[in-house]
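Before I ask anything, here is the structure I am working with.
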Amino acid sequence: MVNHSLKLPMCRKRKLSHLWRAYPSVQNMGFITHLEAKKVFNLNGTIFCRYLLLGDVSAKAAHMLAQPEVSDFFSRLIQRVSPKSYKQALGEVHVTQKFLENFSGDQVRFLARSFAVPGNHLGQQSHGYRWPYGPVAIITPFNFPLEIPLLQLMGALYMGNKPTLKVDSKVSIVMEQMLRLLHYCGLPEEDVDFINSDGVTMNKFLLEAKPRMTLFTGSSRVAEKLAADLKGRIRLEDAGFDWKILGPDVQEVDYVAWVCDQDAHACSGQKCSAQSILFMHENWVSSELIPKMLCLAKRRKLEDLTIGPVLTVTTESMLEHIDKLLNIPGSKLLFGGEPLENHSIPKIYGALKPTAVFIPLTEILKSNNFDLVTKEIFGPFQIITDYKHDQLSMVLEACERMHAHLTAAVVSNDPLFLQEVLGKSVNGTTYAGIRARTTGAPQNHWFGPAGDPRGAGIGTPEAIKLVWSCHREIIYDIGPLPQHGEIPSAT
Amino acid sequence: MVNHSLKLPMCRKRKLSHLWRAYPSVQNMGFITHLEAKKVFNLNGTIFCRYLLLGDVSAKAAHMLAQPEVSDFFSRLIQRVSPKSYKQALGEVHVTQKFLENFSGDQVRFLARSFAVPGNHLGQQSHGYRWPYGPVAIITPFNFPLEIPLLQLMGALYMGNKPTLKVDSKVSIVMEQMLRLLHYCGLPEEDVDFINSDGVTMNKFLLEAKPRMTLFTGSSRVAEKLAADLKGRIRLEDAGFDWKILGPDVQEVDYVAWVCDQDAHACSGQKCSAQSILFMHENWVSSELIPKMLCLAKRRKLEDLTIGPVLTVTTESMLEHIDKLLNIPGSKLLFGGEPLENHSIPKIYGALKPTAVFIPLTEILKSNNFDLVTKEIFGPFQIITDYKHDQLSMVLEACERMHAHLTAAVVSNDPLFLQEVLGKSVNGTTYAGIRARTTGAPQNHWFGPAGDPRGAGIGTPEAIKLVWSCHREIIYDIGPLPQHGEIPSAT
Amino acid sequence: MVNHSLKLPMCRKRKLSHLWRAYPSVQNMGFITHLEAKKVFNLNGTIFCRYLLLGDVSAKAAHMLAQPEVSDFFSRLIQRVSPKSYKQALGEVHVTQKFLENFSGDQVRFLARSFAVPGNHLGQQSHGYRWPYGPVAIITPFNFPLEIPLLQLMGALYMGNKPTLKVDSKVSIVMEQMLRLLHYCGLPEEDVDFINSDGVTMNKFLLEAKPRMTLFTGSSRVAEKLAADLKGRIRLEDAGFDWKILGPDVQEVDYVAWVCDQDAHACSGQKCSAQSILFMHENWVSSELIPKMLCLAKRRKLEDLTIGPVLTVTTESMLEHIDKLLNIPGSKLLFGGEPLENHSIPKIYGALKPTAVFIPLTEILKSNNFDLVTKEIFGPFQIITDYKHDQLSMVLEACERMHAHLTAAVVSNDPLFLQEVLGKSVNGTTYAGIRARTTGAPQNHWFGPAGDPRGAGIGTPEAIKLVWSCHREIIYDIGPLPQHGEIPSAT
Amino acid sequence: MVNHSLKLPMCRKRKLSHLWRAYPSVQNMGFITHLEAKKVFNLNGTIFCRYLLLGDVSAKAAHMLAQPEVSDFFSRLIQRVSPKSYKQALGEVHVTQKFLENFSGDQVRFLARSFAVPGNHLGQQSHGYRWPYGPVAIITPFNFPLEIPLLQLMGALYMGNKPTLKVDSKVSIVMEQMLRLLHYCGLPEEDVDFINSDGVTMNKFLLEAKPRMTLFTGSSRVAEKLAADLKGRIRLEDAGFDWKILGPDVQEVDYVAWVCDQDAHACSGQKCSAQSILFMHENWVSSELIPKMLCLAKRRKLEDLTIGPVLTVTTESMLEHIDKLLNIPGSKLLFGGEPLENHSIPKIYGALKPTAVFIPLTEILKSNNFDLVTKEIFGPFQIITDYKHDQLSMVLEACERMHAHLTAAVVSNDPLFLQEVLGKSVNGTTYAGIRARTTGAPQNHWFGPAGDPRGAGIGTPEAIKLVWSCHREIIYDIGPLPQHGEIPSAT
């Protein structure tokens, strides 16, 4: 799908050859300490320490991505390899650009802010630092070819690590171009090792190179294997079966329907934050919500990629899944359930119309149905159900039993209802209020799962510090010694 | 070794039966959410929310431990099961008491402090929380029967979790008594499940109960197995081969020798922070340091447990290890190297005089020697070596290659030397300055390894928050809606 | 009113003589620096640094105040000098006790936490501290004889200052006893200078002693004079004309009426947070709110001091004020408006039944009425008014025009209404939600005005740090020097 | 001195007329609340909230200032009105540019980060905010025509205030041009009122307009008057008599001499951080320091403005001051002490060669000399003295007695010496270590005095938050109500 003859007007200056070496030797993954990290670079005649250099690279790269010809270039490049509308691709570039702005100037060194507390006697003080791991690895998926790898890569660098980056090879051309741009903006070539390989090779590489930490964004299956292989030296942002609950206060039906359509169907449902299940309070059942969602789903079309190929699930297996669900008593197809028509999408990919299946709440909770209903389909597909006012605890139980806790939405402006649902749930990124959504997380708030010590976040200062550094404490104890005169007895 | 007829004068009031049930059922490990956590308890006629209740329990328990008869009771109880001097045991009680003082009053709720950042439009705000995991497990070792389990247990409770606690059964009597004291101070009995079992049973329990997080303090071997078994849902504080580097500025030799003796030999070397290797700058070689250390080692005696039984390594295997080391060219025995005499310590335990072996630095770094030299012996044993001024990078390489990075000490007041060594090392708790030590971490600074994403800390607000909670972000988005009038197009 | 024969069973041990010297010489107000502050005290055989000493004093004093006989002693002592019910006096003791618990153990040193940020080159780092002012003064009023002086005094000490304390001499016996208790708990006698004088003498003292900072809690008139006299080296917590707004959602009328009664009439309205004006949304007008408030006001009686003497305003001047208000067109007396009966309160104090006067909103806003209506009466008196839904901006304008911005309440659970009112107001301590009140601030949240750079807070870590310390930044720049070889040219 | 025919190529687009209105009416100084502050602007077709708008303006303005032609334009414009070398002027532009980079993207909203703490019961939470004052005023001096007004102005805007800005009218052309650039980058014209007036008019304006807060940077005399006039509603960054102490460890004499020359003479000593007094440890007396400083002082020349006119002190009054000092026993002229030659500097300004006068320490401390010696001369002039090892406490006493505590330097790498001096001093911006200086503060650390509650800082997130916002706490208390059933009794 990648066209290597693509023109790259703005970043021809550097050779990429060293980036594509198949296998960086382990020796190259030297540990970069905080102080080594300050070694100077002579860039355009100015001396920079590492933190300042990265602040400068970020400011320059942000400014370049803000140029219409550059953002357009990357948006179209994303579209070539990952099926999404131009606006979705542009959104990815925009979030990346804003993220880079956020770490301009002194903001990289501000991330390295430490604290100190007085000790027990004169001359003693404890200093708490966020410290780099050293050699680390980053593995990212196909659905956000620019945003996920760039944000995690820069986070790793900002905190002083030496990263090796692997992007899903179907889409790695995007990050390859972005690295050229970063080099052009002053990032030293030796800062990042970029590897292009299949998963098996990468797994072998990790076991041999023993990075101190590996960030994996991708499927739960691979995540669990890696977690065991690497004995837990890992941070994960794996799939999510993301839920939305509509509360008792029915309002703004048009708006809520539109948000549901976007959450379930944008990027053909191939966001890890996509709406997988919708719980409607009984008050919503009599509203126009479902009919409106149906209308909105029908607006989507292949030409502008508002609906498109599903890269990891075939049409057949999605239809099979739908059939199984429709065998559950009380279930029914609300819309969709058919293959896309008039397309040239290869058989190895999926092609399904936006689809919603209704399942009664009591059936969902049955232990023989639960795993089937809450199986994540990484495509334009969702479950819809409803609940009576006194069934809220059943809804919360269902949410608690799901195995991943990534994003969630509680659509209500009722403060006591919000308090109840938010207090009894754990999803890492949870939107609350009448404008709540499950997708579209920007760079200004945390995005990631909660409830799992392996969970990784992305985007914010907190995410960068928690994922890409560990706590270290140095206790200075310089004296003077107490004037006791004699040596205390042994204990 | 536990005498169950021991009198427990201050906490007879409650029955312990439910604590000793062999196997808490999984259903009991219900998820305690932040808001559920606030459910009120009617304690002595006053209504408390959970945070306040725990602040109150902590204040009361701290006050009780401050009573001489109570601290004496616990110190002697610790001595009965864990071989250490009275002063060392009392120190453990003191740290525990201060820790509880630190979380008196409102300080538990202050731990739950969250932050918020304005959103993109009126009515939007993102709130970042430290959120509980829910059901968690805690497994702690024999060497600190009170401090380690109590601090981790309270940390887990403070952050809103529901912990199951297992202490090494040789010493669990101490924590059993402490739980009675906590109940007496108002801790609800259903807050903690206390399990008494061997490791195999506990492993089986964990695999079945699937706690969201497990804190393990203990040997590296078990740690690695658990990390794989639990697929990384774990925080570890495992063994450390802890180093001390003496810098070029020789001063206060008496004091430094005394600190070395304490670091290497207190608790018979059975602290995970014990000094395992000492790197002396050449300037120290001609000082009286080693002879003074020898004198101090000789002061230690079995009667007051300043030297005593080694619980996890036999005398025989320690002597064997020493023999292997002495085969390395240039090595020599500096002191010790013999079994303790005139004792009734059973054969299954170890009994060794404080011992130090010199190995040349160049030999340590050889790949066929490195693993042998840096093998952790959990007893009164250390390696000593020296380095020339231009060999500092070899010392740093040795420190970097060690597989665990727990505590360390850089004994120097030379600011440029400190900068060099601290910047190029990663140990989690690192003491720096002429008074630097490796052991004796109190409750007011972080104690734990660094450089490993699985690393756990203990003691401070940072440790509690990082180990016992995860980041969650709730984005409130209550409106009003923009006055656009029409639904945007799909993307 | 003070009975000096009062028995003080628990704190007879120390002489108070030095505390009552009329005029501490300026030389005694030596500057205590952070490091001097660490000088050791030998207390009961243990060595403490200042931070630890104060943590220890706080823990012990908290424990003593938690003893029923001690809290009862202080509650009754407060009642002897400040007219309030036993429960209100006990509440003051309770808040003080919890505050002291909050700064037990290491929490005083945790307040002194600093931060550091990497510099521009190797060896450079900037450290930001909260630094003490040195010699400071504290002046506190009659209405909270224990809570206000104790909390501010300890805050000043915690941050490393050397305070001189003056409490209103009508009530200073309470703090005199508390100081004895603190000495008993280990506070060094030379830490605090306690001065007993009239205001004129104190003013003269301040001008001569030139404290680096003076905290004044009391009337606006004195506050403004002091601010000019001391050229702004001051923090103020002066009077407040505190407002409450009832939103459109009428609910829980009984509860809201009870809160209004407490806010307006507890301590006979002599709290700086007392409800001075109530704005009712038109939806509340037809509710039972006003009749219920009337009933509740009538329950108050002199015997238990639920209503009692007003110390700073005479009955006559209050009645005169009411008469003036009743001349405003549309105004009416809702309840009260008469002197208390059957009492022996001296003429120099006030004695008024709980009183409420209704004034139309449009009249309040008129420039010739505004100052009259918003004049603070430090007694059991309030203004009540109502507003139509489209008059909210007038209500907000009235709140903005008031000259002090201390406490406020927005009684509503409507999120959009709360957003509107909170976003357009500035009061420092603002309660929001159906349970909102204006009085009864505890030690766990900030209490103080906002919108004024001289505003002081009380109670929380933030308040202590902002009031009792200033920002200092030390930039370490130890080298090594750049290897340029030659001296740069002059600039 | 201002040439209004100066060409302003890049910012001709907007009319400045409204900025130069002599007197903004008070009504225009409306209060901007946090939520009003979010009102949207339609800028280039995109909707921004205030925080995002300001982040965007900052990113754009930073990028423009990074363009060589723009930074050159501003550097030369600064040189036209403020006598300093090109490199010093460029440094001012550079700091401004980096500051703007620091608040790009989301960083303005991150400044508004608030915190929340759980309350006493379900539904209660306290939220702590940094809240804007509303209408504020900024008054800045001649010596940094761009950096000081721009950094304070943006800080005021970032925190949500509505500022009126007055820059010393001799140099206000620089900020007038900068405002045009900000407007070009998207700053709404109504955000800032820019007033051009003399001091008397401004004083009258402040008394009438009653801004909630006024930031004044300038002379101590005016500062004290303003503080009284405005009753302390002020933050000050007034003059400093800044000291440097050389410690016992003599090293890097060339470097230290060069730093002294820059600190005392750059901008002809017209920085509020300029080195006013130098205390040399006796070990330095025999070094080449003073001769080297003399050499360096002689390099300075009028042509490149490395020495130049003194704007606020005449030559005559400086010579007179020197004469008075030379009357002190033991004093001597080290270098300088003569007027500049061959120049056309008008008589109303000063023109002095770089000058240093030695005064014995014991004489400095005498009460009849102290005020004379520590009088700040805002020109190329310094006092030099020396001290014996046991006279350090006299040096510290001298530093403590100085009335302002702005910048300071402790030139030593001896950790115990640094600890002693730093712990016993209070200057707000203190450099420590062998590379310590007193001038040249960048944007990445705090710059401002300490020890005075009126002290203002500049540059960093802490400075912006402390100067331009106040603490507000909103306590949400939404219920549910306790299920007690009946109304509690009155208290």
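Each chain carries a letter (A, B, C and D) given by its place in the written order, and its residues are counted from 1.
Just so we're on the same page, contacts are C-beta pairs under 8 Å (C-beta built on N, C-alpha and C of every residue); 3 or more make two chains touch, one makes a residue touch a chain.
Values in this document were obtained by computation on a predicted structure and should not be read as measured data.
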> Which of the two pairs, A-B or B-C, is linked by more C-beta contacts?
Replying inline: A-B
>> With centres defined by CA atoms only, which chain is the most remote from chain D?
In response: B
>> I'd like the Å distance between the centres of chain A and chain C, where a centre is the mean of that chain's Cα atoms.
In response: 47
> What is the distance, in whole Å, between the centres of chain A and chain B, each centre taken as the mean of its C-alpha atoms?
Replying inline: 33
> Just curious, how far off is chain C from chain B if you go by their C-alpha centres, in Å?
Replying inline: 42
> Which chain A residues sit where two or more other chains touch them?
Replying inline: 34-35, 106, 109-110, 117, 119-120, 122-123, 413, 415-416, 419, 433, 444, 478-479
>> Residue numbers of chain B touching chain C in their complex, please.
In response: 55, 59, 62-63, 98-102, 104-107, 109-110, 122-123, 415-416, 419, 443-444, 461, 478-480
> Along chain A, where are the residues that touch chain C in the complex?
Replying inline: 34-35, 38-40, 47, 49, 51-52, 106, 109-110, 112-122, 127, 413, 415-416, 433, 482
> In the complex of these two chains, what residues of chain B are touching chain A?
Replying inline: 31, 33-36, 85, 87-88, 91, 117, 119-120, 123-124, 126, 128, 131, 133-134, 212-213, 224, 227-228, 230-235, 252, 254-255, 258, 261-262, 265-266, 296, 299-300, 306, 400, 413, 419-420, 422-437, 442, 444-448, 450-455, 457, 460, 462-463, 466, 470-479, 481, 487-491
